[in-house]
Amino acid sequence: MQATWASPYRLPPPSQKRVHTVHIGLIGLGKMGFNMRERMRNGGIEVTGFDRNPDVTDVASVDDLIAALPTPRLVWVMVPSGAITDAVVTELGEKLSPGDMVIDGGNSRFTEDQKHAAALAEKSIRFADCGVSGGVWGLQNGYGLMAGGADEDIELAMPVFDALRPEGERADSFVHVGGVGAGHYAKMVHNGIEYGLMQAYAEGYELLAAKDIVKDLPGTFRAWQKGTVVRSWLLDLMVKALDEDPGLASIDDYVEDSGEGRWTVEEAIANAVPAPAITAALFARFASREDNSPAMKMVSALRHQFGGHATRPAN
Amino acid sequence: MQATWASPYRLPPPSQKRVHTVHIGLIGLGKMGFNMRERMRNGGIEVTGFDRNPDVTDVASVDDLIAALPTPRLVWVMVPSGAITDAVVTELGEKLSPGDMVIDGGNSRFTEDQKHAAALAEKSIRFADCGVSGGVWGLQNGYGLMAGGADEDIELAMPVFDALRPEGERADSFVHVGGVGAGHYAKMVHNGIEYGLMQAYAEGYELLAAKDIVKDLPGTFRAWQKGTVVRSWLLDLMVKALDEDPGLASIDDYVEDSGEGRWTVEEAIANAVPAPAITAALFARFASREDNSPAMKMVSALRHQFGGHATRPAN
Amino acid sequence: MQATWASPYRLPPPSQKRVHTVHIGLIGLGKMGFNMRERMRNGGIEVTGFDRNPDVTDVASVDDLIAALPTPRLVWVMVPSGAITDAVVTELGEKLSPGDMVIDGGNSRFTEDQKHAAALAEKSIRFADCGVSGGVWGLQNGYGLMAGGADEDIELAMPVFDALRPEGERADSFVHVGGVGAGHYAKMVHNGIEYGLMQAYAEGYELLAAKDIVKDLPGTFRAWQKGTVVRSWLLDLMVKALDEDPGLASIDDYVEDSGEGRWTVEEAIANAVPAPAITAALFARFASREDNSPAMKMVSALRHQFGGHATRPAN
Amino acid sequence: MQATWASPYRLPPPSQKRVHTVHIGLIGLGKMGFNMRERMRNGGIEVTGFDRNPDVTDVASVDDLIAALPTPRLVWVMVPSGAITDAVVTELGEKLSPGDMVIDGGNSRFTEDQKHAAALAEKSIRFADCGVSGGVWGLQNGYGLMAGGADEDIELAMPVFDALRPEGERADSFVHVGGVGAGHYAKMVHNGIEYGLMQAYAEGYELLAAKDIVKDLPGTFRAWQKGTVVRSWLLDLMVKALDEDPGLASIDDYVEDSGEGRWTVEEAIANAVPAPAITAALFARFASREDNSPAMKMVSALRHQFGGHATRPAN
């Protein structure tokens, strides 16, 4: 069914008609949440947003947000994973009413979802998780969404999902992966793949940069955008990055990692799945942040011990 | 310049006008060459093709092909890299005339190009190399092209490049990478990246498949096609593959490799460039072809020796 | 100080005088515990052992073991890590008296130690952990020991440690690594290193086996035993394995892994330490156990999709 | 046959009687050759050494060396691999007589041996290759030797091999691996393994260093020397290095690599042998030498592009 799989490279089909009458609460208006509020509103969803930053918030408090929503309430949490998400979900568990529903759209570990769902279920509050991909471009392009939860809960939030995702076939940008946690599990794997993809392109970039006979490095990436096997959105972004800073001269090679890459490798281990490329990407980031690797100091020390090879003095 | 980098995801700009009066010889009409002949012809290029397979060839011999072409002749070689390309280029060196030009569009190692160019130059025959990406879809979508050679030689063949590549901005699908060999060097790196990308997606696929909470594995890949950070043409092809065979049940896990992946790692070594993700992809293919790994037998033997751990008897 | 570091390759110095009057309980008389009981006894320690296997046990029950020991009691636990260790420690916590001491000598995760120590501390029972290396050869050669716990607790058990370790300088085979858990942490890292060492030798073995010009593969390993940089006990064991089965023809390439390799990589991730060689060893074991890798099926499927490359049918 | 494999850890058997009447020429008296001359002499071999360094040479020129040797001459070449070895062997080919013999004991690539043997054979000069391991400790401990060549050639040089290797069973420290090149092939693999071993220990070192609960890091390595599964000569050297500089504070983490590690990975690729641990070790060295990785700059740039994540400015 070529029509389906090739869709990103053709014009989208005529838009599905969307008449949304949903009113949602959105907690967290940072890089992601801010744009999502706008895209939801553009899609006809009524949104009351809360953020501790007074410049962007619609209401002054979580209490005000809860008071503003019709019942049963729908609250989307879009805050940093870990302690902050935990605190927000806990607060919502204390303040929402039976029949209300919480969606965690952040980058929580899937095991957290199962914990949160159980805690909220004790108060008859519903819970679903949704992995959201698309970065800062999601406002313009729509977000790819991976949801986990009970069928009826996912169905309830569908108008919101439809507003967030790109126009066109729902199946091309939204999936109900499975029960609670499944959405974040899929998002975790998505991000693990993303690590591997970025690393592969980056290694190729360095190989091209290393070779004198390559006279047009940015042009080579640009020419891969249409027609080649490696064409992708990440490639388009590399072209954009090289447009803006041809030699990436302004950027340091220090690369952060967030939780999903680590969790992906941990899940690979837990499930005895070899994941050497994704793990290589994670370790390359770790190494990028080391000024003075104890391991490599030891290798240098050993070479000196057995072979008399010179070491470099630490500086 | 967003207009440029985002182009694959928008409609192409109005087609550049193409009036081609070129007549080219094409040697090799296999999976790639056959389709390229058709796309060249669709683009207004006159093509005389030769292949040893009488069902597809236009002429009976290389001599006939040479006789059919206007001078100075332009001959595109599209045969398997290595010995066969070598033989064809050698034959052309013997039979073409000064001022004629050979383009190697196959997957030759870049070092071969430099050898071929030097040999042909002794007879005043021109040489350029061109990496061609796009696989069996190139006929329909156009090919991504990476050319190496002298400016005037590349310019001469530009009508052919324009016919082969997708419609739209030339820079999005064609690059003159550098001198002779540079095109194939870029194609080699492109394929190395391709190995890494495929491995990353495949590891993610296995991780999703390993987890019970994932209830819709094909649907998850499908939903990544629009909006997510990992959207790409390879992803589209995975969706297509899972459409055709949802569990990939009909396919063995034995994976071949061709030269470019190996050469990429060799170049990484030669240039002291860490390439762990691409190399992981290559080694995963090697391992996929081993029924009985001597290395792992040794690890099993060692565990038995020091710890008394049971080994599995060979079967 | 050459005298210290070179000691394994010279005769041990005159034995330190050992007069032990300790009576210890030992729970778990499997591959490790059985031999350890004998070595303890050879070293002058009185040992009462318990195992569910009536052929090897000294007493009929844990209760009998506890009854047989002088107070304050010293009980060494040498059972499989995880649930069984947990159950034994819990039982001891219920049955021992304040001032008694438990040593976990199995392969528990260091985080378990901290949990066990806390639980026992509530009953004023002392706890230490001790990583034990040496495998089935420990009876003959002595064991390498890595202990974690409070100074006074480690001191108390020192006669037992001295009996278990090889003759010679204590510092060459025993270390008090740190507080509770530190011994098992060091043992975990030791085993992670062991994975990497075995994999490196095994890769070299396969490379030698792959090359026709190598006419004496077992002889090559044998000749590395003295003089070369790669000489080691694991190498000696490889020589022994190749003596017993020159082509390892009787052994399958299926390799198990136990917890420590996985935990080592998880700790690498938790501490942002690149550990590519150890991780490669772990993943090679995972791959050795896969008959039909979903990941590699996907790579094969992709090659077919874009390039028309043949796949192998599943069998 | 435990007597054989365990020999490094017991006293050597009584020395085989060695009465050597050989007179050899030795070209190259650097870190390795200088010590080898002394060990040869200690073993009863008459040695005439030549080096460009007047402080260490016995004769003023290669011509003088040749003049000093009885015929048929035996000349051991111990100079840096590559161009210098090539030049020395070429010079010897011009100056030696039919029936003379050259042994290349340096770290030449095995393919070079086959080239050198063929060139010398045209002048009826014999050639053998010998991988020599043991580093600066070989003078004291003896060298591990891996020889390649014709049976009669290896036999001829046996008194020299016997003088160089440690006392004890010949098979424990000397192997005739196969024909010309086989000795260096085995040495190449030996060094590849060495890379992997060092990396595994180094990763473990860093993991121990990363953990607060490890209070005695040097002591932990020291305690692994006797009894544990990971005991080895490299471990002994690590203990020595940590004795001399407990935190390795004086050493930079920049690590060189020489040819053998690269060649090992290239051979792995050429023979389709997965070698992930050895390759990880090689890439870790490459990465240790990069101040500003283009690949990681690109990963950072991409994270900024899609997610708005901050990059670090280059400094």
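Observations, loosely collected:
A, B, C and D label the chains in the order they appear, each numbered from 1.
As a convention for this text, contacts are C-beta pairs under 8 Å (C-beta built on N, C-alpha and C of every residue); 3 or more make two chains touch, one makes a residue touch a chain.
Model, not experiment: these values are computed from the prediction.
The set of chains touching chain A and also touching chain C is given as B, D. With centres defined by CA atoms alone, the chain at the far end from chain B is C. Of the two chain pairs examined here, B-D and C-D, it is C-D that is joined by more C-beta pairs in contact. Matching A-C against the pairs in B-C, A-B or B-D identifies B-D as its interface repeat (over half of contact pairs the same by residue number). Same-residue interface: chain A and chain D share over half of the residue numbers found at their contact. Between the CA-based centres of chain A and chain D the separation comes to 48 Å, rounded to the whole angstrom. Between chain B and chain D the centroid-to-centroid distance comes to 40 Å (mean Cα coordinates, whole Å). Rounded to a whole number, the gap between the C-alpha centres of chain C and chain D is 31 angstrom.
Counting partner chains per residue, chain A has residues 135, 199, 201, 203, 206, 210, 229, 233-234, 237, 240, 273-276, 279-280, 283-284, 287, 290, 293, 295, 306 touching two or more of them. If you sketch which chains touch which, every chain touches every other chain without exception.
Every residue of chain C that touches chain D in the complex is listed here, in rising order: 1-2, 4-9, 11, 110, 133-135, 138, 141-146, 148, 165-166, 168, 171-179, 181-182, 185-186, 189-197, 199-201, 203-204, 206-208, 210-211, 213-216, 219-220, 222-237, 239-240, 243, 264, 267-268, 271, 273-281, 283-284.
Within the complex, the chain D residues that touch chain B are 229, 257, 262, 265-266, 269-270, 272-276, 279-280, 282-284, 286-287, 289-290, 293, 295, 306-307. Within the complex, the chain D residues that touch chain A are 31, 135-137, 198-199, 201-203, 205-206, 209-210, 233-234, 237-238, 240-241, 245, 248-256, 276, 284-285, 287-288, 290, 292-309, 311-315.
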